[in-house]
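Letters A, B and C mark the chains as written, and numbering starts fresh at 1 in each.
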Amino acid sequence: MSLLPQLQRIPPACWLGVALLLMLAFAVQVGAMPVHLNDWLDLPKMLDWFVQDKPTQTLSAGAHVLFNLRVPRLLLAVLVGASLGLSGALTQSLFRNPLAEPGLLGVSAGAACAAALTIVILSEMPLAVIAPVRAWLLPLAAFAGALAVCFALEQMARWMAPGSIAALLLTGIAVNALAGAVIGLCTYLADDEQLRSLSFWTLGSVAGAQWLWVWLFASLLGTAYYRLRHSMQTLNALALGEAAARQIGVDVPGLRKQIIVWVALLAGLAVAFCGMISFVGLIAPHLVRLWVGPDQRRVLPLAMLLGGLLLLVADTLARVVAVPAEIPVGIFTALIGGPFFFLLVRQARSQVR
Amino acid sequence: MHPKPSVALLQLNDIRLSLGSDCKESQAPKSFKLCISPGERLAILGPSGAGKTTLLRLMALDASPIKGVVLFKGRTQQSWATAELSRHRAVMPQSCQVAFGLEVKLVIALGRVARRSDPFVSDIVFEAARLARVDHLLSRRCDTLSGGEFARVHLARVFAQLWDTRDGLILVDEPLSALDLGLQEIILKALDRFATERQHAIIAVLHDVNHALRAFDRLLLVKEGQLYADIASKSQAVPLFESLYGLSLECLRTVDDALVVSPRSNRCGVA
Amino acid sequence: MISNASSSQGLLSRRQALGFLAGCAAVAISACPSIVRASPRKRVVSIGGALTEILFTLEADNDLVGVDSTSIYPPRAIGYPNVGYARQLSAEGVLSLRPSHILATEEAGPPAILKQIAAAGTRITLLPAKHKYVGLRQRVLGVGQVLERTETAQLVLEQLDSTWDQVQRQIAAQIRASAVRPVRVLFVLAHSPAQVLVAGASTAAQSMLRYAGATNAARGFKGYKPITPEGMIAAQPDCVLVTEQGLHTAGGLEAILKLPGLDQTPAGRAQAVIAMDALRLLGFGPRMPEAVLALHQAFHAL
């Protein structure tokens, strides 16, 4: 009996952190390729490779899969999940509604649409764009697409009934449909090679993970958290409404711009590298709010942890369910997230005063 | 008019409330001038749609006037940074939805969000809550409160916002509309006490003329987008009320010699 | 460095202990397969039905360790471990078969995954179809090279060449003899009633039609594109060609005949629908010559 109060004193961040580490430890063991203890001993060779950039021919097959495929993929899943969780929490505080999420509102679709257009346009261009530029052009295009949709949504939200989530979700449906149509058009215009890359955007997968992407997302998340850590209380102020927030001294336009840029960066880059993975940004913050309450100072960091955990679980399922083939992770998040969204809507409607 | 002190808290020069575009030139709204001193108690009265809320918003530096200039402590709206302004003036809204069901404690603390360092915030929150009689609700979520409790939470927030300043300005927009009689008394008293201790001025938009007569020294009467009258809160105000609302009023005196007005009922006698 | 104080205590001196640990580590490290060499026995994963066919024709099925979902011929190919859909490969799934070589058609992807597999030390050989007979030859040669069965490959090639020669002469002769205009054929992919695609230029289907002495009724575009009922009528095909798998998915002959606009064409009026197995028709594998002949004879019989 004396254990329960002790357990309740442990901060939620600890619980989530431990759960994440346990899940990582589990996920790194499972997969199509059996990995043995011996393979772990190749870690020094791996670190040496990092430092000296030698080719990996001295690694065993298991070690190669472990360190170059599986570990970066797991870490990327956690980081992208955390990005999505954070962008979901930020979107919900911006629109003052627990049903808002970058995927539902069309931000991810906008990013995918911009990326698809870039692929098609690049292929039509007479001069060949060199591969590294092309590789970075896509994430940039995705970010721009996400940013454009965010601004459009924001204008729409202020022009229509402020605080009306119905208007926002309708706009999101329209944006999703429009983006889908543009992607469909690109698919029509594309020749087969591009077609394969276009279909990637709609399903979402962390399969192509590279260490470079892991570092990129780690620094992105670190920077985001660092820049936002003092804004969390002002994010709480947004819940009072724009007018009231202004009256208590919050620079509302500046804060809004800051949130939009971060949401566009986090969601846009997630789409650029991993395709459309929806619902993580909806479920993670919502579950966290059910657990610790709506204070953004607790919700933002915990949504990151929980988002990372959720995507890691989904990706592990995706890798393991149909061995040796694998299912795109976006399918799992939609399978779980869709019904969850219906539950949320029902709950929200029953609470309407 | 009242004797003007040397430093005005709030000054409205050559202000027009509305454009009055569909009026004839002779009926166009005239611009007016207002001067409010520190520590004054001012009530804004008038029929619905007269422009009371517009006037309040102008005074809160929330909106820019169509014509004229508003000076708060001698500075224009543009020269006040949002954070700095929030430390000198607070607005209690008529209704304010709080998304996400934040905790009452947090909502009150939000009144002080613009301060960079705030070592005593928990004490101030508690004291403000006590003054507004919501200290028993601190751990409750906002979406579980009744209308009256919610109004008091916003009052506590206003208190917390201006707790450690003096000569500030509190603006309230119909704060008593959804409250029962007992609560109306409590809130008016708490507001009065808070403002007196800190020399804050209070400007309130009110519906109930009696509240205005009882608790406020100065009345602004607004009708059809114009400043109708700017008078002391006394019995001479009654004829102006009658033409403001288009009613005939009876004056009554209570045992404490306070003035109460009531609409005169027209009895059609059928003998 | 040995500290005098500890050397007289305990079972082992510090130096001896370190030496023992180093020895254990050395044993452990050397125990794991430390180099990805080409093992003496090849382990080949074949991605693409045509390449699997060629591999079986070269009698190299001992080297085969995995196939993809389009490898359906010969029937015993289906029994091998399946790495899934060629366009959505899983790096770990492929690598778990520890392949030394991968034979891939142009369909294999995504490109990032192929790069990952190559980075693991597996040799990937891409053998596209080129939609020409010479492409088939190159494939046979390429597979033979990878599997180190070049003589067998040469034999197979000679056989294919002679068959192809024969087929071409037969077709040419029949065309000269019949002296009618070439048959207009429309190749249709009807996965759903809403989404009806036809093959245009630069497709495997058009190449096969051309080889079989027919012409593509659909003109003016490349690849697989949707067609409108008006387009169908304007094309006026004499015959509709589908894959057997496509026919089954669409719901049988009646469903194909119900395609909008078809009833206003000669093909619809004559109910001329020809179905052939997808891999045999479009794979550009070893069965290509006889598939061309079968097509030609089917068109001729209309």
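The criterion applied here is as follows: a residue touches a chain if its C-beta (ideal position, glycine included) is under 8 Å from a C-beta of that chain, and two chains touch if they have at least 3 such contacts.
Computed from a predicted structure; not experimentally measured.
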Exercise. Of every pair of chains, which is linked by the largest number of C-beta contacts?
Worked result: A-C
For this session: Could you tell me which chain lies farthest from subunit B when each chain's centre is the average position of its Cα atoms?
Result: C
Exercise. Between subunit A and subunit B, what is the separation of their C-alpha centroids in Å?
Worked result: 46
Exercise. Distance from the CA centroid of subunit A to that of subunit C, rounded to the nearest Å?
Worked result: 35
Exercise. Just curious, how far off is subunit C from subunit B if you go by their C-alpha centres, in Å?
Worked result: 79
Exercise. Which subunit B residues sit where two or more other chains touch them?
Worked result: none
Problem set entry | Residues of subunit C defined as touching subunit A within the complex | 28-29, 31-36, 66, 81-85, 87-88, 90-98, 106, 109-113, 116, 119-121, 222-223, 225-226
Problem set entry | Residues on subunit A engaged by subunit C in the complex (per definition of touch) | 31-34, 36, 38-39, 41-42, 56-65, 68-70, 188, 191-192, 196-197, 200, 207-208, 319, 322-326, 328
For this session: In the complex, go through subunit B and note every residue touching subunit A.
Result: 60, 62, 82-87, 90-91, 93, 96-103, 106-107, 110-111, 113-114, 141, 143, 157, 161
Problem set entry | Interfacial residue positions of subunit A with respect to subunit B in the complex | 96-98, 163, 233-234, 236-237, 239-241, 243-244, 246-251, 289, 293-295, 351
